[in-house]
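Presented below are the structures under discussion, each in the form of C-alpha cells.
In the two complexes that follow, chain A is the common piece, with chain B as its partner first and chain C second.
Up next, the complex of A and B:
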C-alpha cells in the first residue's frame, strides 16, 4: 500500500523539481524583490514594503497608461483577433479550391517573430516612404495620411493592426480543428427541421466549439497581457510613452533604469491581472460540457 | 510488466546522468591537453554602426598576439545599453566592453563591476598617451575605470550645396539660425533632421536650446540637480521644441522616427541640418557619401564662453574576470587606442582620445569640432543626468511636441522627476 502510493510521486518528482526550480522559485523571488529598492547588483537591498506598488499607482503616469493599453490589447485581441480567426476558420472549413494554400497564407505570419513583423510594418507605416501613405496619396486621400506611429492617439492601434495580422493564424487553426471535430449529424438533423444557417451557427457550432473557445480565449488573454516584442520593435513604447505596455515598462524599469524592485512589482501586477481574469473564466467554462 | 517499465525508466535516467558526467570529463581532459601553450580567450562588446574598422583591428591584434583569442560582439545603440544592464544583473558581463561616460558608464564602476585601472594608468603612462579630459571623463569616484577611446564633440551638420543654393552661411546668431530654418522650410526642405525614437537624438537640440536660454552657469546647475528645472529657461526651451514642431521644421512623424532614418533624409538633402558628432565623417563615408560635401557649425547659443556638447567613450574591463583575461583585455584595449591603430583606421575611427594622432583629409570635421570645444564643453545630457531623469526628459520632449503637456507642465514634470530621484538617494 505504501509503495503503491509513493510510485506516482516518484515518477512526478523530476517534473516537479524542474517546475519548482525554474518557475515557482523565481516567481516567488520576484514577488520578494518587489518589496525592495535595488539595482540588481548592489550588495544591499533597501526594504520599502509596499512603496513600489504605491508609487506605481500614485506617481507613475506611464504605468497607468501601460495598464490601460494592456486592457485595450486584451479586449481588442478577444474581439477582433478571435473574431477574425473564427471567421476565417468558418470560411476555410467549407470545401474550397486552394483551401490549403489559404490556410498557409493566414497561418504563416504567426510563425514569424515579433521583431520581423515589427520591422516590416514599421516600413509600411513610414510617413514619407511607407506603403500606407503612398497608397492613400495614390487614391487622392492625402488628408487621410498620418504619421501612424508618431501620433499618441493612433500609434497603439497601428501597432495592434500589425499584431492582428500576425496573430490571427493561431485562433484560426485552433477553431478549424474544433470545427472539423464536429460531426455532421447535428447539422443534418437541423437542416431537416428547417433551421437556417445562422441558427445552425448559434445553436450547434458555438456550443460544440466550447472546449476550443476555452483554449483560444485563455491563450489569447495570456498573449495579450504579455505582449512586448512587436511594440518594442515598432515604437519602443513611444511616442511619449503612449504605447508602453506592462511588459515593456517592466523591461525598461528592470534593465534600462536598473530598478529591480519596481520591475518586479510590475511583473507581479501583470501576473495578478492575468490570473484574476483567466482562472475564473477557465473554471467556469470547464464546468459545463456538451460532449 | 509494470515493474519492468519502471525499471527500464530508471535505467534510462541513470544512463542519461552518466552520459552527462562523462561529457564533462571529456571537456576537462581536452582543456588539460591544450594547457601546454596557454591560450586566453576574451570577450569584447561594442557598437556596430560606424565600428566596422574594429573587426579588422581585432584580427590584426590576434595575429600579433597568437596566445589571445578575441570574441567580438557588436550591437546597435539602444539594444547595447540594455544588453549591458542585463549582463550586469546576471553577472555575465563580457571581459571588456565599450561604454560612454557620465551616468551611462558610471553604473558599472559604481557597483564594483569594473577593474580599477588607476595603477595601470600610472605604470603605462596614460597621461602621455590620452587626452586629459577623456581620462577625467573615464574616472569615477577617483578611480580610472576605463581605457579612453573617443572624445566626441557635437555640432550642427549641413550640406554645403544646399546652403550655397539658398545663399546661406553658418549662423552665428540664434535669430539667424531660426531665420534659416524658415528659409529651408519655404524652399521645400525639412530644416531639422531629427528622429526622436529613443529620445536621445532630439535631446541634442534640447540641450543646445537650454544652453542658449539658461546660460552655462544655470545649465550646469540644472544638470547637477542643484537648480529647479521648473525655471523660465526650461519653459522657453520646451516652447521652442513645440514651435519648431508646429512649424513643420522636423520630419513628419519624427517622434517615432528612428535616428538612422533621419540620417538618411539628411544624406538625400531632403532635410537640412542634423546634430551629430565627431564620428559623423565616418558615418557619411560608410553610407557612400563624401564628407567634404558637408560642413558643421556650432549651435549659436550666443553665450560666453561658447561651449559645445561633449562626451567621452571608453573600454571598461570586468573586475570579476580572471587576472589573465584582465591582462589580455588591457593589452587589447591599449592596442585599439594606440596611436598606430588610430592612424591606420583614422578615416573610420571617429575622434580619438589618443594624443598625437594624424588628422586625415577624409575626416575633415574632427579638428574643427575639437577646436569648438576648446573654450569649454558641457557633458551631453543623457550622460549628465541620472537615467530616470533622462527618460523623463525624453517623455517631456515628446509630450510637448504632441500637445499632451504644455511647456510649463513639462518643466514641472522634470522638477518632479528630479525631486523623486533625489528623495530615493537619501
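Up next, the complex of A and C:
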C-alpha cells in the first residue's frame, strides 16, 4: 500500500472506529443476543433459537399492544401531524402580516426535549388542578373531564395530543421550504386557463411537493418507530401497559426485568421495521442523487 | 397569482384560524408560567386563568436550588461544548475523505455509514452497556463522549458530505499548485468554505445533545454527572406535590434551548430547507 492509498483511510479512521464501536458492532451483537435467554449477569447464555421471537408474537400480549401502538402513532403522525403541518404551511406561505411570528409559535415546541414536553403536559392533564379539566369545567363540560393519563382507554390519545403539539412545526417548516421552491409560472398559466384554487392545489402544488413528501414521510415514519421520551415521561407505558410502544417495552424487558434476550429480540424487530421503511427511501434518494 | 382573486372574507378567516391555532399553542405555556409564579396556597384557591396574586419570583430560585438545576445545566453544557465540536471535526474528516481524496471505496463507505441512520439507538444499548461496564466507562466523560459522538456520526457525515460535494474540484487543484497538503486543504479551504453547513450542524447537534434522554438515562448513573433531561425527571419525583416549583423548573430548563432557537432561527429553517432540496 502506498501512502497515497492510505491517506483517505487515515481521515476516515476516527469516525469509522467510533461508528463500529458504538453502532454497528453492538447492533450485530444485539441480533446475536436475541437468540438466547439471558439475564445479563449469569455466565451462561442459553440458546433458544427463534424462541424469543415466537414468544413475543404468541404469548407476550404487551408486545402486540406495543406494536399496535406504534402503528397507531405512525398513522396518527402521517394523517394528523403531517396534515396539520401541510395546512399551516399553505396558510403561512401566503403574504400575511405576522407570518414570522406564527411560524415561530408553531415551530418552537419542536426544539424542546421530549421530557420537558412530557413534564409540562402531565401538569396540564392533572385531573384536579390541570388546565385541561379546569378549562372543560369553565366551558360547562364537566362530563368530558377525565383522568387523562390514568385511564387505559384514553391515555395513548392524550400522550399523542401532546406529541402533536410538539411535532407539528417540523413538517410545517419542511413543507414551507418546499412550497417556496415552487415557481409562480404554473399558477399564472392555470389562472389564465380558468383553474379553480383547489385545482391548482391538486394539479400543481401537490405534484411539485413530491420530493418534500418523500422526506417528511420518511422522517415521520422513522420517528414514530423510535418514539420513547414523551411516553416514558408521561405514562412510563402505563396505565395497565396501555401506552407501551416497542422502544419502551424493550427498555422494560431489558433494564427492568433483565430479560436480555427478549429485549434484544424487540430491538431487532424495531431495526427490521425501520429498515423496511428506510431502505426504499434511501434507494429512491440515492438513485436520484439527492443524498 | 391566485392571491388576486381571494375574497376579503377568506383573508379574515385565515387570520381567525391562525390566531385560534396560535392560542392553542401558547395558552398551555401561559398556564405553566402562571403556575410557576403562584404560591402554593394561591394555586389551590385562585382560578386557573387568573394572574398570580403576588408574583412569586422566589419559586425560580427555589427550583434552581432544590432541583440542583445549576449542576444539571453545567453538566449538560459541558457535554455539549465538548461533544459538538469534537463530533463535527471527526465527521468532517470522514466527509473530506469521502469527497475530496480520490478513493475507490467512497460510495460503499458512505452507504455503510448511512446504515447507522436505520439502526435505532435501542438496538445497541445492551452491548454498549456491557462494553462500558467492562471498560469501567459508565458515568465517565470518555464513555459519555464515545456514545454521544457515535450516534451523531451518520447524520453529520450525511450533511457535511452533501455540502463538501458542492465545492468545486478546481479549488483542490489550485491548492495543490500552491503547495497545500491534504491537511492544509482541509483546514484552510474546505472547512472555512463550509461554514454555513457547519453552523447548521452545530445548532442541530447542540439541540439534539441538550435534549438527549435515553443515553443519559442509561449511561449516566452518577447523580453529580446527570444532564438536564434526566435531572428534571428526578426533580419531578422529589417534589411531586409542589407544582409551582416543578413548573418553574420546566421553564428554567428551556431557557437555553429557547435562546439558541431565537438566535439562530434563520439557520434552523434554512438547514431544514436545505435537507429538502438535498
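Throughout what follows, the second predicted complex is superposed on the first by the 254 of 291 C-alpha atoms of A that agree within 3 Å, B and C clash if a C-alpha of one lies under 4 Å from a C-alpha of the other, contacts with A are read in each partner's own complex, and residues count from 1 in each chain.
We take it that a contact is a pair of C-beta atoms (placed from the backbone, for glycine too) under 8 Å apart; a residue touches a chain by one contact, two chains touch by 3 or more.
No experiment lies behind these values; they were computed from the predicted model shown.
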When chain B and chain C are modelled together on chain A, clash or fit: clash
Chain B versus chain C as contact partner of A:27, first or second or both or neither: second
Which superposed partner A:96 touches (first chain B, second chain C, both, neither): second
Which of chain B and chain C A:186 touches, first, second, both or neither: neither
Which superposed partner A:255 touches (first chain B, second chain C, both, neither): both
Partner with the higher number of touched chain A residues, chain C or chain B: C
Which of chain B and chain C A:7 touches, first, second, both or neither: both
Touching partner for A:207 - first (chain B), second (chain C), both, neither: neither
Which superposed partner A:267 touches (first chain B, second chain C, both, neither): second
Touched partner set for A:239, first chain B, second chain C, both or neither: first
Contact residues of chain A, present in both the chain B and the chain C interface: 7, 11, 14, 40, 126, 251, 254-255, 260
Residue ranges of chain A touching chain C (in the complex, touch as defined): 7-9, 11-12, 14-16, 18-19, 21-27, 29-30, 33, 40, 88, 91-92, 94-96, 102-109, 111-116, 119-121, 123-124, 126, 129, 131, 134-135, 138, 165, 170, 173-174, 176-178, 180-181, 184, 187-188, 191, 197, 200, 211-212, 215, 225-226, 228-229, 232-233, 246-247, 250-251, 254-255, 260, 263-264, 266-268, 270-271, 274-275, 278-279, 282, 285-286, 290-291
Partner chain B, residues of chain A touching it in the complex: 7, 11, 14, 37, 39-42, 59, 62, 126-128, 146-152, 155, 235-236, 238-241, 251-252, 254-260
Footprint of chain A on chain C - complex, ascending: 1-5, 14-15, 17-18, 21-22, 25-29, 31-32, 35, 43-44, 47-49, 90-91, 93-94, 96-98, 101-103, 105-106, 109, 111-128, 131, 146-147, 149-151, 153-154, 157-158, 162, 182, 186, 207, 210-214, 218, 228-230, 232-233, 236, 243, 246-247, 250, 253-254, 257-258, 260-261, 265, 268-269, 272-273, 275-278
Chain A-touching residues of chain B, taken from the complex the two chains share: 6, 9, 13, 78, 81-82, 85-86, 88-89, 91, 107, 111-113, 196-199, 251-257, 261, 387-388, 391, 395, 398-399, 401-402, 404, 420, 424
